[in-house]
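The following block contains the structure, expressed as structure tokens.
For clarity, chains are labelled A, B, C and D in written order, and residue numbers in each chain start from 1.
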Amino acid sequence: MGKLWEKGYRLDAEVERFTVGKDYILDQELVEVDCLGSIAHARMLSEIGILTKREFSGLKAALLEIIRLDKKGKFKIKPADEDVHTAVENFLTKKLADLGKKIHIGRSRNDQVLVDLRMYARGHLLDIEEEVLGLVEVLVDFAKKHSRVPMVGRTHTQPAMPSSVGLWAASFAEALLDDLELIKTAYDLNNQSPLGAAAGFGTSLPIDRGLTARLLGFRKVQNNVLYAVTSRPKFEAVILFALSQVMDDLARLASDLIFYSVPEMRYFTLPKEYCSGSSVMPQKRNPAPLELIRAKAAGVGACLTQVTNTARLLPSGYNRDFQETKEALFRSFETTEASLKISRLIFSKLKVNEKALLAGFTPEVFAADLATKMAEEGVPFRKAYKEVAQKLDKLESQDPRENILRKKHQGAPGNLGLLRVRNKIRGELLRVKKERSRLGKVRRALLAL
Amino acid sequence: MGKLWEKGYRLDAEVERFTVGKDYILDQELVEVDCLGSIAHARMLSEIGILTKREFSGLKAALLEIIRLDKKGKFKIKPADEDVHTAVENFLTKKLADLGKKIHIGRSRNDQVLVDLRMYARGHLLDIEEEVLGLVEVLVDFAKKHSRVPMVGRTHTQPAMPSSVGLWAASFAEALLDDLELIKTAYDLNNQSPLGAAAGFGTSLPIDRGLTARLLGFRKVQNNVLYAVTSRPKFEAVILFALSQVMDDLARLASDLIFYSVPEMRYFTLPKEYCSGSSVMPQKRNPAPLELIRAKAAGVGACLTQVTNTARLLPSGYNRDFQETKEALFRSFETTEASLKISRLIFSKLKVNEKALLAGFTPEVFAADLATKMAEEGVPFRKAYKEVAQKLDKLESQDPRENILRKKHQGAPGNLGLLRVRNKIRGELLRVKKERSRLGKVRRALLAL
Amino acid sequence: MGKLWEKGYRLDAEVERFTVGKDYILDQELVEVDCLGSIAHARMLSEIGILTKREFSGLKAALLEIIRLDKKGKFKIKPADEDVHTAVENFLTKKLADLGKKIHIGRSRNDQVLVDLRMYARGHLLDIEEEVLGLVEVLVDFAKKHSRVPMVGRTHTQPAMPSSVGLWAASFAEALLDDLELIKTAYDLNNQSPLGAAAGFGTSLPIDRGLTARLLGFRKVQNNVLYAVTSRPKFEAVILFALSQVMDDLARLASDLIFYSVPEMRYFTLPKEYCSGSSVMPQKRNPAPLELIRAKAAGVGACLTQVTNTARLLPSGYNRDFQETKEALFRSFETTEASLKISRLIFSKLKVNEKALLAGFTPEVFAADLATKMAEEGVPFRKAYKEVAQKLDKLESQDPRENILRKKHQGAPGNLGLLRVRNKIRGELLRVKKERSRLGKVRRALLAL
Amino acid sequence: MGKLWEKGYRLDAEVERFTVGKDYILDQELVEVDCLGSIAHARMLSEIGILTKREFSGLKAALLEIIRLDKKGKFKIKPADEDVHTAVENFLTKKLADLGKKIHIGRSRNDQVLVDLRMYARGHLLDIEEEVLGLVEVLVDFAKKHSRVPMVGRTHTQPAMPSSVGLWAASFAEALLDDLELIKTAYDLNNQSPLGAAAGFGTSLPIDRGLTARLLGFRKVQNNVLYAVTSRPKFEAVILFALSQVMDDLARLASDLIFYSVPEMRYFTLPKEYCSGSSVMPQKRNPAPLELIRAKAAGVGACLTQVTNTARLLPSGYNRDFQETKEALFRSFETTEASLKISRLIFSKLKVNEKALLAGFTPEVFAADLATKMAEEGVPFRKAYKEVAQKLDKLESQDPRENILRKKHQGAPGNLGLLRVRNKIRGELLRVKKERSRLGKVRRALLAL
């Protein structure tokens, strides 16, 4: 068996190779979700009388078999199959003859792939959320542990004012928590059921889109059938933007670490087990994983660019162009998850060199605080500023540890507000856990229909 | 008076011109919000005993004067002032002498510009939300009016199945409503108070960040002072991503309209008052506003690219690079708002040519429906499909008006669900109105402090 | 054996997986060029007395064996090897013991990978040039064949003035010939020898960089050793920009074809063997390869974005970030070459429907020509334009075939200048052939050293 | 007078504002080149008998008057004029009545704006070339002066091997010289005459495109009239890519300088006249111009993105979208030229701190050289490498000054090959000077026609 649309002539071989591309390989990751979608679709067809109960059972059994084969790596999509949908229908037809030929009524590959991608993204977005929260926890622990370790705060890369390792680490924790809001928005948009949109124009059958949406655990039906199809690259872009923001935060973190780990700074030391060496310089311990995170952030950003540029001027309705963004989506999920894991690993082992951190505190770093103190005592601030500027070479050094503890307003080095952050983490983790458990129930219910 | 940090030598003239750039021009739009931020800051300083009540009154009166001057276009920022913050402090110092020199204690231009940008963005995001909702309303009215006008639905740009003008127009309405979710996420992130972050490391004064946040109407204090500073490009990116999604939807809409308006299709006619002509071809009516929307979408997308690429590898803390993204943000707000207005205008006048729309319905457009009907009557769908494929040249034409009405499941041409969309619009408009009224109260309260 | 820099402890397993990434898979394509580079390096070492003649022969024999194994698909790089350079050195050491350990003196993996990439790019750029020229030839033949077939010329997508299929097709031929200039610039920059740069700081050995450059067929030594390393992403960007311009031209061509192939236009018909079908619409013939070319152009453009963004702020010297751009480069070469082949195939089979093309000629299309004619006869042009504009509904139709033949100045529909284009093609093909033959000689000479 | 295409009704005011945008402001920079193009066009018309000699003289005199007015800032394009072409034709018609109405025969605004942009770009590309060469000279002088000043060479940001300030500075000089090749390719492509393409379909008049090309100093006629129009964004992209490569090199240079100027490194000191201060930290000297260059590079890169994304899927022929890229082009020229000037200024004043540079040389930096030395003396390199790795803590320090002088092969720290670079500069400067003088002659000849 070959393509679903074959009609007695064959596609030119070179064109076939070009159009299938890597789709049949990527689709291998969609086998289970494609079968789950088909179970829900078939169930709905039996509810509205298009299939008999018995037909539904027959189809379901065969779909469960595919899921089992896939688990063992034994359901392979062939290039001639084009995609997972075809491979599954071909399997059903081979096994069930005419019954297999009935499954595709009332839907199209266009809404089918949408279902698959949304279920795929749902799982992966939850994975990302967990990894983000895991890293945030590690960063908060790190910030707590080093909340009293002074670090020269910088603006314009130049030493500016007293700061702390805690403030620095916690700033990334809060950034990632904001990224979580982007991921949640993406999750909510993604969690709508496109099933029943068919080719983007609906069907004359009295299908029950609400039922399939419930069976598949979507929070609602995505209403307009044409929009369901055209929303594909939009939702991918929303997801990729969220991922790219996560990656950009990791990249800035990596970039800071690379800078702060040169021997001239030596604020932090990366364990040697995490550093690559050189083929000619025996002494080298290179922060390769950090550099790769930095580069991978540009990669995920480019995936977003690819998706938005692919979609910008496409005519309404399904276009084959959509196929090309699948790899960008899949690869970005993988990259982001791996980068989060590695970042967490690094932070759980990062060595902080307090002595080197203290060595950076030249008297000038306290200049702004001195001007503020003078102003507090009555000198108009701008005057105090100018007076301090005149005697920069006569400034006395201070104890940075005392300095940072004295800054006690909300969010300052002496009052990081980590408890507030921890509460936020706890709430978010609970939410993710609940949603994951809900999805687990949805899956089990589908398998047991 | 010149720069706040002058210390007896002058910046090289060429360097000065280069570093100031257009900032002093762009900042002209920030005069009022900068003054409002300063009123809140001064009030807080008086509450914690750094300024006397009298001093606060003096500063406030002068700041109100600036706001009045600005309204009349008489408060001009000079290149030598660098930015709005300096222009304002210089005005205060000129008018109030030493009292003016007191205002800057406990803050920095770094958190000041953040306050300004967030208040600026707050207002403009609400404007955008209103414009989006306005366009959505027009699209829904248009969809309603033309819900029974058939239109050939296309996939791969080729005729596919019966659809309707209503389905097509409503698909964009739903896309824009999803964009609204992105804007709301951006609004919430943006609506946090950075004030008190100072240079990104806080201050030794016992400032009350909660008080200034309340006075300025922010929903909460942005906690970590370092993150407040580094979040600047992140929040700009989140805003620009939302705007670029709006623009990309408008671009697709424009692109569809351009395609459907060629004489060979003539589905729609743009009023001639909206079309530009040619200097050599007397007959031309060119859809210039649509083409410009299409191009401007690429422009706003490039602004997002600019901001994320500017920020990706910057070290923690303030960096002057941030200055360069201001224009991208301001221009994107303008562009998006103008493009929404023009799109609304176009849709309120667009002529629909039902006859031309009907002419596109060749018998083949009904092929899928025929296969579905055969399948409904018992032929396995894949068989029905192949049978229909064999007799494509013998298909009979149908009445597309009846066809689309027969598709009655949720979101299909015969059941667009516009009421649901209208309810959503109503709720969102109410929310925007409430928030706008809340901001109005915040502003009046500040002026009356 | 494992990594070249192992020193008695092992890299953390998770970090190792992350840092190696797909590099060991991609490097499989570099086996031969890596060995050729090593032969040249070893020969140079023997010329300056670091290796004996015998040692050189031993190394060369083993390197030739690797090339033979690779040809048969039997030289496999393992993840633990990290990259091709390590795999090769490990093979040499296993086979030749201490002699294998001598090969790496006077170089580093940093300049080694540069040599590999430049030799890789040299071959692929020539392939691209040939494919571009092949497509240009097909386009010129097509233009010639259809030079008298009228086609409505459009501006703003709307009908504008008489044009021809020939003018349209030849416009893409000339675009691609301009792209060739970009490829040639890329080829010349790329064709410089980085060998001897070592880690970017040279070596204390008296290596002869001119000799290795000649042996490897580079047109010159890339002088500054630090620049040799930092130029890696620049040269990749230059190559990717050229490829992306080719892809964008193919995308515009595909986009035009998709537009001109809808039934309402039917200017062109794509053979059905090149069209994919639908799983639900029996009548569909979708221009899938054209849509994919359109999407792939956005993909190659995103690869350029990735490379420039990865490189923009990297510190001078080698950075591991470079590893991440390899896939972007390799994939873009593949994509561009495949898209060129498919485009050529399509044009060799594209059916032109003269009747449909003629049907587009409404009288208005001749309006500008009429104004010009009136102006030629003495009415000031702007007056003639306004007069024609007043009587648009009274214009008479003309024979478009006569019209286009009357436009005889250079480059106009009646004078396409295809001979000039053909001469250009001939010259370029000759150049490519010569360069390919030169590279063949270089390779054979290396193998026979 | 208003638009050239007015026909008795007016464009909707809001639409008019939207479509004109900033075009009338940007076009102010094109007044002279537009007039020069018109002189050439009119002359050609008189040569082929469409205008009389006397008519040509009349038109030329009026065009020269516009050029004179423009020089004094007295030729202002109004929004109602739309663009420079309309403003000029309106002036001619007002002054010369019917004669003014004759100028536009045989051309269109489409080829007219192309001529303007190409002449504009020609001048600005030469400016950029001169600025690039100026900076290269300064860098080479700087490299020469500091060729014996050691600097720790880095890979992965970590100390690697001995290098020199000279090697570092010269690496950027060579990068910029490669950028020059990109600019030259852009210049050559740009230097083709589009005049006579008219609206993209030529004209029935026997115009002499070769004559106008010669009069305007283009190296050749751009043949295919349709390609002339569609090449507009391509040529802009080619120019912007070259500019963005220059900017990216400046950004890397700025980035290195920022890193090497922190007090912990203090390799370089930026004069205080080039540094901005802080409003709260009296001690600050911030490298603002360097940060802005870094950010502006992302800006120019985004302009390239904008242009390629605007153009990718546009249909063949003129599209109004083109208007939107004008600002990206103009602003990128300005930004690049200003950034080159500032970079040159900075390098002419940059202070090099040899003591701080020497302080970075820990014994480990010599490890690779030691392994090489052992290998030179007979130990297989990989063995030597491992031996050195075992005794890293026992390495002895060396004199880095001697070390770098010992590396004498081509391009190494002890042999920078600056003479070769200087010869290249000289040749390029001569070429630019000649071309500029040629363009001057072309201009004078046009004025004197």
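We take it that contacts are C-beta pairs under 8 Å (C-beta built on N, C-alpha and C of every residue); 3 or more make two chains touch, one makes a residue touch a chain.
For clarity, every value in this text was computed on a predicted model and none was experimentally measured.
Student: Could you see whether A-B or B-C has the larger number of C-beta contact pairs?
Tutor: Greater number of contacting C-beta pairs: A-B.
Student: Of all chains present, which has the mean Cα position farthest from that of chain D?
Tutor: Relative to chain D, the chain whose C-alpha centre sits farthest away is A.
Student: Just curious, how far off is chain C from chain A if you go by their C-alpha centres, in Å?
Tutor: 32
Student: Just curious, how far off is chain C from chain B if you go by their C-alpha centres, in Å?
Tutor: That pair's centroid distance is 38 Å.
Student: Report, in whole Å, the distance between the mean C-alpha point of chain A and the mean C-alpha point of chain B.
Tutor: Taking the mean C-alpha position of each chain, the two centres sit 24 Å apart.
Student: Do you know which chain D residues sit against two or more other chains?
Tutor: Those would be 4, 7, 104, 155-157, 160-161, 199, 259, 278-282, 284, 286, 288, 291, 294, 298, 301, 305, 309, 312-313, 319-320, 368, 372, 385-386, 389.
Student: Once bound in the complex, which stretches of chain A touch chain D?
Tutor: Chain A reaches chain D through residues 155-161, 258-259, 261-265, 278-288, 291, 305, 309, 312-313, 360, 362, 364-365, 367-368, 371-372, 385-386, 388-389, 392.
Student: Under the definition above, what is the set of chain D residues touching chain B in their complex?
Tutor: Touching chain B: residues 3-7, 9-12, 14-15, 18-19, 21, 85-86, 104, 107-109, 198-199, 271-274, 276-282, 284, 286, 288-289, 291-292, 294-296, 298-299, 301-303, 305-306, 309-310, 319-325, 328, 338-339, 341-342, 345 of chain D.
Student: Mind pulling up the chain B residues that touch chain A in the complex?
Tutor: For this pair, the touching residues of chain B are 4-5, 7, 50, 89, 93, 98-106, 110, 153-157, 160-163, 167-168, 170-175, 178, 181-182, 185, 188-189, 196-197, 199-210, 221-228, 230-231, 234, 237-238, 241, 244-245, 248-249, 251-252, 255-256, 259, 294, 297-298, 301, 305, 308-309, 311-320, 368-369, 372-373, 375-376, 380-383, 385-386, 389-390, 403, 406-414, 416-417, 420-421.
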